[in-house]
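Both complexes shown next keep chain A, but they swap its partner, so chain B is in the first and chain C is in the second.
Entry: the complex of A and B
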């Protein structure tokens, strides 16, 4: 058991140090914060001088976008590293030793989760600085949203590991991950945009599209990892500890299921590309 | 040749008949509809359910009234809604309403007498439904109040007639005295103008007959059973009985001083008021409840649309027996009482207005207050921080539940610093990576 833990620790340390000391991690954080700054600048510009604007937690939406960017980066990184190690034969070499599919994937999961938590700490610092500069509220709601972000990253990482365990080559792994996660995100944003419009404002084809998107969204609501963050942010806005706790519970269950599925999938598929 | 003539005639007939169709009144059909007097959280919404809608929506544990009627239905293309011609045909269908749950009849409703009682007058937003003897009693109470008012009004007209005569005599006497050379204050008593009686401050609708429905949350079916035992065709409808998701909180309508006709709502406790520069805000608090948008819109009118994913706050009752407090942390900055205000149009070519406190001078000039509200001034002297506005019950130090709202005065001028802030992970990354390189080099 301790040997297994030692293997996980070694693999975790190897991947974690590699990512933490690489430029990519910081460039992605910079990109996420630039997008957030753009959104917040537009929000502030939207308030005219000597006027008011009523809004719920304006920092939550940029946080949502930042968490999405960070989690997609982490999952792509893991996906690519699994496929590359498979292609180069490193995985085969590792698996001749004490490494198993479980060890390998759990180490990847914890590496991504730890990097996600560090990224969320960066988010907290960024939003605190934004709050100091502009007086946009760094509220308890934002702290709860950051906590929910950890669980959303966990969901995305597990989902990504599952997809990567199914695919063989690096290119196909990247394409499949991008297609599926992009599809989920696109569906979520289109659905949010369409339900934001009054029925009377929509033409007949748009009405059909809204109905179709609504059905599709309901279908992916428990599969898409991004839907968990959405529900979590709703729980934050509703200030409901029960809903918040339930969402965390669902996210943990989701993560465990997809982690187990990825371990099974990798064990069945084997280590060869 | 004959074929051409026939073809031209046919085309002409088609064109003429097509023109006729465009000018035709919509086709009317005699059909069963349910007329609805549905409790909407504050008052009662009146509408009807055409055959095109298969579901009725009601708020749980509150009485609403439905009635089965035969009337003319027609589709009005301009509004894309079905309309009912109750003036041409309004026939109550005899029978009983059966309520089913899971295929089992759980209640059978008979028609009852009911009235809608408005304790704060017909134009107020609050109404209560009374049935049977209580309905008759409430309406009788209203009728006797109206009769008493009419008597007082007749007395007032008579007093006014006497007053005018006395006033004319007073003016005549004054004229005679002034013409006879009398100067200064006279000892003639000036007649006092009588005051008109106050109108009845409550209202009760004329008692009517209907099926009173009061159900717990759930999904049901209803149908109309004729006196001969048959089910009336087309009378089956689904019924969705729902409750509020959140209730008991306080919502605010804000009248911004610089755009008083474009009001804002701050209903949800999570909503924050972000302000820039100097602002004068007029707050109107309400008790409120939150309902599903689709269900509540359909309750107001089954032909309304809505989104099942969305929720809406419904203002139940205005709150006017509180005072409001503007505070920063624990420090109370302002205690605000409710006061009347008057919107004064600024004369001249520049279109504008000014909101001023309503005072005795305006009262004497015959003006009525435009609105009553709680005024909060966010001056530029206030440091840009977080403030809280809340409502306190008069004579109490307790905040009304869920009445706190945050006001954040923003530093808009610092918006351009947002981009440089985004660079800090890169700076951190440079430090971390360079320090590692340095360590490895050693």
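Entry: the complex of A and C
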């Protein structure tokens, strides 16, 4: 293994072991499964009452919710990973030696991605058990959704790392992340509200606002990692191999771009909080 | 080993380091002396490639500094002013982690050797979070020496340590230097640098005021001696008797105490005692006031200004 590979492996191992053996990871998994179970229960009650199965992929929506919960945890985890080390000064000590911004970020990326994959593996086991007990079927669509989940988690982690590379303190990272994600959500809400209004009912300024919000929304669809998650699940539901492949390609491009931006911003911001 | 050429760092119009030209030779223990805020840590951060200089160049181990050149960084050990650790790790795990980063061969024996050298052998399995400041400083030394570096950069290495630990670490630094390591020590403690270093650079307000052998610097700093003399009566009425002495540069009085600045070309204490006795004062105590670091910097600064003025007059 090259020197750089060795450094990445060492950093990855320390960080991964520390996070994997912390309670946070398991609390999040538990929360994800609780929410999924609640949704599944409502779904099964619906089937029992109406005697009709309304979806070809009944487990996909609960899985989607689980992935969202895991993604929120991972975006927060990656979002504080650099700023926390900056704040505690440990980043500075690492950089006295043969650690560079590149191998530090790659180790963080793989650590969070691996945690995501492990979380998805737990999801696979959970949904397999659910399919056995409910006869809802562990479909190929569910497997595709799990595979897509890995790439979506990659986007989420890279976005979090980018925010963390810009900030000097843990609290700033959390606040910036919340502000950005809240902003995305608010825009989505405003967009949905404006689109829902009849064009004729809108005054000229409101029409102008609707157009502006639409443009912004389209732009944000390529920036927000959660929009990738949404599109990915759509591709699975539509059962389109082309869309599925395209979404994976977009996710890889997104991850690479955000990783490069993170390395640049980390190099420019330096090691001090 | 270390060379800088007109190294300058500016932050939003504030100049932290200005045209710094340092030269540290192989095998030196170089003292980088300056008060807090003089620009020492900024200089070290630039030497390590962690702060980008506004202008100027840095050469480390014969190569121009490139922050991405990790091969040079493998040959440097650093102990910073503040100690930062993964506090959830034990000291041994911590050193094993860094040994893996630096790819140190024979890790276990090397770590044992270092724990013995810094006196932490019996505490190696404790969590770092439970370590005292002194123990953390020793652990930082062990980390810095782990990969057998050619150059050791120490930023305020004995700040906040008890006298026993200071002695222990000073002995360790001297031993490492005997083994051929070049050592760059940054400190605001004149006494510490004096005990350790062969060569000294003095930095003040981002500028290198002097760079020379310790002995030469000491001579420059000892052009004057300050004495505090306590007498049996009010000092002010006897001010003239002291001020008129040819070797007295300045004199101040407070209550029954004279603070007298004398020339240091020879010992004038007996002459001063005689003058005070003839003026009717009985001396209760006479102490030589140690020159504080600030005063030392002022002296050096004044000397530099005089030198520059003289050069300008000549031209």
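Here is the rule we go by: the second predicted complex is superposed on the first by the 231 of 273 C-alpha atoms of A that agree within 3 Å, B and C clash if a C-alpha of one lies under 4 Å from a C-alpha of the other, contacts with A are read in each partner's own complex, and residues count from 1 in each chain.
Here is the rule we use: contacts are C-beta pairs under 8 Å (C-beta built on N, C-alpha and C of every residue); 3 or more make two chains touch, one makes a residue touch a chain.
Here the structure is a predicted model, which is why all the values come from computation and not from measurement.
Touch criterion met: A:7 reaches chain C, while chain B stays clear of it.
In the superposed model, B is the one of chain B and chain C that contacts more residues of chain A.
Contacts of A:100 after superposition on the shared chain: chain C is touched, whereas chain B is not.
Looking at the shared chain after the overlay, A:129 reaches chain B, while chain C stays out of its contact range.
Of the two partner chains placed by superposition, only chain C is touched by A:88; chain B is not. In the superposed model, A:44 lies in contact with chain B only, and not with chain C.
When both complexes are overlaid on chain A, the residue A:245 reaches neither chain B nor chain C.
If you check the complex, the residues on chain C that touch chain A are 48, 50-52, 67-68, 70-71, 73-74, 76-78, 80, 82, 84-86, 88, 97-98, 100-103, 143, 147. Interface of chain B with chain A (complex): residues 246, 254, 256, 258-259, 264-266, 268-279, 281, 305-307, 309-310, 384-386, 406, 408-412, 414-419, 421-426, 428-430, 432-433, 436. Those residues of chain A lying in contact with chain C across their complex are 3-4, 6-7, 10-11, 14, 18, 88-90, 92-100, 267, 270-272. Contact residues on chain A toward chain B in their complex (touch as defined above): 20-23, 25-27, 29-30, 33-34, 36-37, 40-41, 44-45, 47-58, 122, 125-126, 129-130, 133-137, 139, 141, 195, 198-200, 214, 236-239.
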